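Note that chain A is present in both complexes that follow, paired respectively with chain B and with chain C.
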Partner chain A sequence: MQNPQKNNTSLKFTFRVVLHIDDRDVLEYIQKTLGVGTIHTSDACVTFAVQRFEDIVQVIIPIFDTFPLQTTKVLDYKDWRTAAMIKFQGPLSKDSLAKILLLKAGMNQNRKSFDSYCNHTIEINALWLLGFVEGEATFGIKHLAPYFSIAQKANSARVLYAIEAFLRKIPLGFTLTKNSQYPIGSFSLRETTAVISCSWSNIDSLHDYILPGARARGASPRCGPRARVSLVVYHSFHGKK
Partner chain B sequence: MDIYFRVLHIKWDYEEILFYLQLFCISLIWNIVYFSKISLLYVINVVTNFINYNYLPSIQEGLPSYEWSLFYSDLKELKDHSRFSNIIPAHNISCLPNVTSDFLQWFVGFSDAESSKK
Partner chain C sequence: MHKFGHYLLPEGRNLLIKIASSINKFRYSTAKGGAAVGPTLEILNTVLDIDAPFNVESGLSHTLLAQQFSLARGSRKGFPVYVYVNGVEIESSPFPSYYAASKALGLSNRVIFRYIDTSRTYKGYLFYSAPLSVPK
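Let's look at the complex of A and B:
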């Protein structure tokens, strides 16, 4: 939301996703599928942005109303939606403008209270998780062993616990390994940055549960190849084909 | 069956051959299980998996190993939605009649990770 008092322009709402330029294809796919928004490139970043108010009201808001966000980002969405609905209802009065500016002042980086997030019901499903993994997960190799991890700000820890519980219950996708352990995540908190991460490093559970699960859901422009590379590297080091 | 074979001067019909073939296979599997001391469940698992994935193009194209073939099975598994029980059924968003709920749920997860609203 741009401040109308500052630059004497109308109130503008923006939904945007910024990625590294290598991932331009993902944003183009999103733009093409939704049929809204623009894409522009600057330096090493590419941005997908929806700014047309009609597109925000008719496309973006119905999507997030139908399929709710799961992290603390849902609080920003609710405030942003409230502000958009105030604008949608008609010409802005001083009161409504003040209300919108108040909402804007408490959003994103300025948010201090996350209390209402405790009442938000978290429901993880495979497709949401796949999208979330695209953005937040890491597939890496440490001490010649692959790991999969997801990190979040500590105030979104609830969503990590829910993901860990969800992954424990995904079905076995590769059944040749005997007594394969189901995926159990280990949590660690970095106090200096207030970031909590959950990682899975058991090779059997990665290979037998998580990778087939991701593959079954159609992973993915970005994370699919990384996950495979991690496992292939592991196998090459450990003598598997 | 009308097909007859003459083996060792004995007339065997097709069903009889099939019966002895089955006996041979069962005894072969039993011997493998008994002498290699691996569980029967494991052998059944291997056979089942082989049958399940036998159609894969990677095997037909002669790629180096069974395990590699799994990496190329995406297309088939994409259709296998039954493996996940808590998929939200399709919702109609009136302005997006041609967009699947699968994509929208993925998009919301992706937005949870990457988006910002101003």
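Let's look at the complex of A and C:
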């Protein structure tokens, strides 16, 4: 980012979704549905980006205000939104610019404090979970046994606990097995990367609860064996001459 | 395949290996060697059309059904394990059971279960339930 104070540049806000190149259709669908943004490809990635400030204020922000994020990404969104609102209010004073720069300095990878996340109310519903699974979960086979898992940075562990609790309550979809084990997740923390994962591998749970649940919610075939789509949403803003 | 027990049949096991090596990172067009091609629907149906080893209608859990199947196959006696290194059967092979093989080779019992009949090596060993000359 160029320092706006130093070279008299303006602030530019960006909302980006980056996916593997094979999933370009998904981003084209999003672009068509929202009617904003651009798509460009670079190596193995394809990026949907919204940079026009009016589009950010009128299209992107209302979406995330209506459908709140659930992981610690919500903190970045709130700061990003605050900065956008400061800019929206009119020409930037020195003070307001300083406020925005301060917000930016503590966002995304620079974030040190996650304290306020404790106050964030996590609400899991089936459609939110389906979207989350598309981006963050894996349907895999390990040692020739199927499993389903979701991994997050440890500071978003609360959302994994909430998902685990949500899945315990999903309805039974296959009733032949008596007293089929409802889905109980198994948590593990990888200390070197600070990543926590929750896995489900009980065959009866997967077959009798999770599989029918995913089908009922309209999981696409890609969501089945190919859910390892890396959906990464970045909020950033940077200087522009 | 796990719910109905097909994974315990040689055909199911082979299909499972094919699926495992064609999903997730193997499916991407940018994967090393190009996107893996998974088994066709026809192949899937051929395996799933085989009589299911488990009687799911019994209402028993997967664990119990797997135990029953294993006992019915004679797990109390143990299953023979043929061990090969570089395509050559090792001296003590065949072993009378997974346990005997794992103990002799200093491996975990689970390793034999995971790798047997998969044509994948573990520490240079290949494990089969029948001599290599017998088609799998």
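Definition applied: the second predicted complex is superposed on the first by the 214 of 241 C-alpha atoms of A that agree within 3 Å, B and C clash if a C-alpha of one lies under 4 Å from a C-alpha of the other, contacts with A are read in each partner's own complex, and residues count from 1 in each chain.
By our rule, a contact is a pair of C-beta atoms (placed from the backbone, for glycine too) under 8 Å apart; a residue touches a chain by one contact, two chains touch by 3 or more.
Model, not experiment: these values are computed from the prediction.
Student: Looking at the superposed three-chain arrangement on chain A, would you call chain B and chain C a clash or a fit?
Tutor: Once chain A is superposed (C-alpha atoms), there is room for both chain B and chain C without a clash.
Student: By the touch definition at the top of the document, which applies to A:143: first (chain B), second (chain C), both, or neither?
Tutor: The answer is second: A:143 touches chain C but not chain B.
Student: Is chain A touched at more residues by chain B or by chain C?
Tutor: B
Student: Given the touch rule stated above, what does A:134 touch, chain B (first), chain C (second), both, or neither?
Tutor: first
Student: In the superposed arrangement, which partner chain does A:204 touch: chain B (first), chain C (second), both, or neither?
Tutor: A:204: touches chain C, not chain B.
Student: Scan A:181 for contacts with chain B and chain C and give back first, second, both or neither.
Tutor: second
Student: Is A:44 touching anything from chain B or chain C once the two structures are fitted on A? First, second, both or neither.
Tutor: second
Student: Would you check which partner chain A:114 touches, where first means chain B only, second means chain C only, and both and neither mean what they say?
Tutor: In the superposition, A:114 contacts neither chain B nor chain C.
Student: Just the number, please: smallest Cα separation between chain B and chain C in the overlaid arrangement, in Å.
Tutor: So the smallest C-alpha gap separating chain B from chain C comes to 6 Å.
Student: Where on chain A do chain B and chain C both make contact?
Tutor: 176, 178, 228
Student: Please output the residues of chain C touching chain A within their complex, sorted ascending.
Tutor: Against chain A, the touching part of chain C is residues 2-3, 7, 13, 16-17, 19-20, 23-25, 27-30, 38, 56-57, 59-62, 110, 114, 118.
Student: In the complex, go through chain A and note every residue touching chain B.
Tutor: 1-2, 13-19, 30, 33-35, 58-59, 62-64, 66-71, 73, 76-77, 80, 107-108, 123, 125-136, 170-171, 173-176, 178, 212-213, 215-218, 228, 235, 240-241
Student: Flag every residue of chain B that touches chain A in the complex, lowest number first.
Tutor: 42, 45-46, 48-49, 64-65, 67-68, 70-71, 73-74, 77-78, 80, 83-84, 86-88, 91, 93-96, 99, 101-118
Student: If we count contacts the way the header does, which residues on chain A are in touch with chain C in the complex?
Tutor: Residue positions touching the partner: 20-22, 44, 138-141, 143-146, 176-181, 202-204, 207, 225-226, 228.
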